[in-house]
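So that you can tell them apart, the chains are marked A, B, C, D, E and F in the order they are listed, and the count of residues begins at 1 in each.
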Amino acid sequence: MNNREIRILVVNPNTTASMTEKIRASAESVRGAGTRIAAVNPSEGPPSIEGHFDEAMCLPGLLREVQAGEAAGYDGFVVACFDDTGIGACREIATGPVVGICEAAMHAASMISTSFSVVTTLPRSVPIIERLAVEYGMERRLRRVRAADIPVLALEEEGGGARERVRDEVALAIEQDGCEAVILGCAGMADLTAWLSEETGVPVIDGVVAGVKMIEALVGAGFKTSKIGAYAAPIPK
Amino acid sequence: MNNREIRILVVNPNTTASMTEKIRASAESVRGAGTRIAAVNPSEGPPSIEGHFDEAMCLPGLLREVQAGEAAGYDGFVVACFDDTGIGACREIATGPVVGICEAAMHAASMISTSFSVVTTLPRSVPIIERLAVEYGMERRLRRVRAADIPVLALEEEGGGARERVRDEVALAIEQDGCEAVILGCAGMADLTAWLSEETGVPVIDGVVAGVKMIEALVGAGFKTSKIGAYAAPIPK
Amino acid sequence: MNNREIRILVVNPNTTASMTEKIRASAESVRGAGTRIAAVNPSEGPPSIEGHFDEAMCLPGLLREVQAGEAAGYDGFVVACFDDTGIGACREIATGPVVGICEAAMHAASMISTSFSVVTTLPRSVPIIERLAVEYGMERRLRRVRAADIPVLALEEEGGGARERVRDEVALAIEQDGCEAVILGCAGMADLTAWLSEETGVPVIDGVVAGVKMIEALVGAGFKTSKIGAYAAPIPK
Amino acid sequence: MNNREIRILVVNPNTTASMTEKIRASAESVRGAGTRIAAVNPSEGPPSIEGHFDEAMCLPGLLREVQAGEAAGYDGFVVACFDDTGIGACREIATGPVVGICEAAMHAASMISTSFSVVTTLPRSVPIIERLAVEYGMERRLRRVRAADIPVLALEEEGGGARERVRDEVALAIEQDGCEAVILGCAGMADLTAWLSEETGVPVIDGVVAGVKMIEALVGAGFKTSKIGAYAAPIPK
Amino acid sequence: MNNREIRILVVNPNTTASMTEKIRASAESVRGAGTRIAAVNPSEGPPSIEGHFDEAMCLPGLLREVQAGEAAGYDGFVVACFDDTGIGACREIATGPVVGICEAAMHAASMISTSFSVVTTLPRSVPIIERLAVEYGMERRLRRVRAADIPVLALEEEGGGARERVRDEVALAIEQDGCEAVILGCAGMADLTAWLSEETGVPVIDGVVAGVKMIEALVGAGFKTSKIGAYAAPIPK
Amino acid sequence: MNNREIRILVVNPNTTASMTEKIRASAESVRGAGTRIAAVNPSEGPPSIEGHFDEAMCLPGLLREVQAGEAAGYDGFVVACFDDTGIGACREIATGPVVGICEAAMHAASMISTSFSVVTTLPRSVPIIERLAVEYGMERRLRRVRAADIPVLALEEEGGGARERVRDEVALAIEQDGCEAVILGCAGMADLTAWLSEETGVPVIDGVVAGVKMIEALVGAGFKTSKIGAYAAPIPK
């Protein structure tokens, strides 16, 4: 048995603390008995990540958090933005494994279904997620990426109808796409999973949950980021 | 925190009890604190799985073990043969998730490296594993499948040189393939991982270890096999 | 001229004799002058193949029939289930060529059209056929797999409306999918081909017919299953 | 039983009559009992097809032969150039099926092996054949296209060493490529197949043989070229 | 600075002079200051290219024009038919670069959008363009090929409603396909681009424009057609 | 004729001014008569880009330069780092087109050859460039990415042997890869192109040259970055 405590750092790369808290709660709710979770966000950068520019602008803050986590000896890292921004750079910094929540969710979905759809927030994120699916080898599993057409931070507000929009799009995915599972394509949707799984009877997968469990699995298996190629430590300048 | 005990059934689909024992030990060594592992093998069927015919002939036994495990309430299942034979059928039977060890190893490798090679036993298994890589979307990650050219059961014998053959092929993979990780492509190689990782400094991934941790992750996340499509329960005849 | 008589064994891997008879009639109707056809089914196993579990459970019976056929000197084998279950294992046993009816139909369709759709029985078979299309390199030719949503054995009953459901789905494929040919995705549909081709004016391809003619072609060309790799004879245990 | 006589026209698209004769002999040697073969070549155009320009320049002659064959009521057509030049145009003209010899050989190879290499004449043809493999969905089956580096017409001369060059390259393919079958990538190699199959013990596939048997299969199955899409009859000008 | 004058030959491979004139005007309107454009068409061959047969029949005329252009010292060539017929053969003849207008348009579209649809004339051209997209590596960028269902030469007539059909299909592409750009899939549509771009606010790409600018770019960069492989000069016969 | 002056901003995303100067000279040498080139680099960030971390850390500086360029009314932008870092973010900012030099070089290579290899500096960049090839649809064209195994800034020093290492690797690519063109995979190699093209007789493509000419082409064609999807302007925060 692997009795060693596992310490995981979940980094929300945007600066919205309420979202970090939701992510932390979600991560906490599924962590294993021997796992300790910390969830952080950068103090500077975009408050939400909606497109390539935001993806780029959050990187200095994200990388600083991962560097700090590496110095503090964390065993593994989850980047809690569904665009999986900066994963390669994080892997260069980290000794332990790093996963993005889109990546984790797609791998998990591929082991419990033959196909899945993704429901995200904004239409502009659709091609970004489609490209990630190609990168992860999931293009034949991905039926469709759907946008609920809501801003990311709308998910932080009660009563604005954002959750209902997500639910409706999940229902459409099940009805129209021929998919066998649905992935929620935004870290801010982490608290909707249980509700939606129950309501639909179909596996609804949250990336934060998938990410935390994947990192626990990789760390618990003793797997570390390979350092002989693309993810070698950054060359000091 | 998810405090519930997880019960995992690892099924070696061949009938060689010594291999089952090695698999059990490997699984046991990495299980989480709250996980209980059982490892079984069918009493009838081929003693080793070397090609499509053996894959087919082990299925009745494999499925009987999974059915028994499902009846006994196991939370998840690992099929411990690198050909991932019968995974779809097992998923129809099981409520919880099912993973094959090739599948688990490839997903894990893809999160800690950009490319990997596989070292298996027999040349006849090379195209089988290449086809699995396509099925899992890993064809762009897979650099090469290499065969050490040893019978599966040679791995059960001390002193016959089989392990050295595996080690030599792993070394060649690192030297010649431009890969960043190596997967051991046979459940019978489970005890070689630590040795080879240490000797090479490169992540060497055993499928049984990867499979157990992936199942722990999926079960711990609350993900179950989707029942609305390809993996719906078998239609009673 | 190749004057040698060709003896082909068509194996229906389920145990429903009426379906075997329909398959035999269909095969018989297209065989060449110098070909002799036998059609058999196992005595034990599932009466219909509807999903992965049934696919697995029919294998011992299927392989026994192919082994008997090989011993009896058959020149080639057709596996008459659209899931193409067990083809690799059959190829290990057989000296002559072996084809599955999905495989044969897709290859044939690709030589008379630029794209095709498949109409099968149950929705659960859709992802199975999509995966076969990838394996055969036909994913860019396959427009869509459609399910008529009828149990396999409903095709054996007159007057239950099953044939009309198939016809309607074929019509939809032609109207909506932009396909140039339609493949009937179940051996039990073998008797509908002529009717549907005539009614639609579009090539409607039955897998049994395609399989018999492909085997005749391969045998007549003198091509045998390669024995230097994946399809080498099973290793005696 | 399908008792109707089948009439097949094999068109060598270059003007070298000795090659046409070799092709005719090869086709004749494998035709079924009820098949009649005619082999023709255009009277004008390039004497050999070595690259895209020759491919283009042979088309008027090739199409004239197919038009004449269609008028004469041939049931099916084989285009006997391994570049499969003009197949789409021939399909627009023909009522019955049309196959190219590269296409036929690759489909056949994929049913008796999991992978194959091709041995052709000139290096300049290598990328042409690689592109055809993609078009036919065979890119994952194709291990390598090798060039024996001999002009096409050298195959027509005894004693120049061309055949030995082909044999040597076939041997290298088997040794180095991990392939399970070898396709001869030039119609002018049709007479080498038996010799090479025997010498190597590996299936060696000639495109003319494969093409004739595939056309027999398609015609015998009653399959015609689809006329509702890409292969509709040319629009009169 | 590259001050050398660039001379480009645009070849319309059909014989319709009014279309050549429209193409010439379109090319002329975007040429750089140092570029001289000539636009020609063969005197013999099909008046429009609608399918594979027409593609084949225009080749002798097309190649004669390119040969003449090469002799006259043109620096680069544009083949102004959206089927990109004969490009490989033209590249064997030409020293400078050669582009097809489909190819040029797809490359351009991929640099200003993440996905595009194509609007062409006839349904029979849809699979031809889909196959080109695969050849150019654009299959993941191409959302859909749509046919306005009008003959090519209808675009030459004022008042017949052909342009409105194109505009309607462009509008549907934007509404339904989730594409970010639209390519006009026929050289005869060259005069509609400005109108459609303005009306829709979406990049509408004409192949002739894209082709001329791509050839200017390649010539201006000093890039010539590679002569060490597939595009080596034709072997004299 | 398009007489309007074109103003292009070439951004070297690292801070090494000598490399920016080399890039500027290279761009200047191929610009069209009506084009004005400016070349800049950020004042802060990594002095060279060697891996994902450097890619990420240069983004704030790169984006600031593009924002300034957009404000100054530049018509198009070239990002002069072969990793094509931040292209998507730049496209959100820019009205005109933006190209990366890897992207531009691969598109150009695909129009003058059927396949190419890339010679880059460091082994760690190999998987990054392989992934870009997939993203651009060039995976079937790319024969191999080779690393000369020299630090980026070694190219800035005379006499250190770096250029000879590049030349040797280019020679190996031509000899061993079966490629028809070679792309130099680092902006710092821009001054080697003419020398290498001459020495080898094979098209040697520099990304800066390709990028400048592609941007001239896109701007000259009137094509702008699509703003209805992934590249819509960043949402103000």
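Here is the rule we use: a residue touches a chain if its C-beta (ideal position, glycine included) is under 8 Å from a C-beta of that chain, and two chains touch if they have at least 3 such contacts.
If you're wondering where the values come from, they're calculated on a predicted model, not measured in any experiment.
Common neighbours of chain E and chain F under the contact definition above: A, D.
Taking each chain's centre as the mean of its CA atoms, D is the chain most distant from chain A.
Taking each chain's centre as the mean of its C-alpha atoms, chain B lies 43 Å from chain D.
Rounded to a whole number, the gap between the C-alpha centres of chain D and chain E is 31 angstrom.
Residue positions of chain C touching 2 or more other chains, listed in rising order: 91, 114-115, 126-127, 131, 134, 139-140, 178, 180, 229-231.
All chain pairs that count as touching, in label order, are A-B, A-C, A-E, A-F, B-C, B-D, B-F, C-D, C-E, D-E, D-F, E-F. Every residue of chain C that touches chain E in the complex is listed here, in rising order: 114-115, 140, 178, 180. Here chain B touches chain D in the complex through residues 126-127, 131, 134, 139, going by the rule given at the top. Considering their complex, residues 1-3, 28-35, 91, 97-99, 103-104, 107-108, 110-115, 136-141, 174, 178, 180-181, 197, 201-203, 205, 209-210, 212-214, 216-218, 220-226, 228-231 of chain C touch chain D. Residues 46-48, 50-57, 59-60, 63, 86, 88-89, 91-93, 123-124, 126-128, 131, 134-135, 151, 229-232, 234-235, 237 of chain A are the ones touching chain F in the complex.
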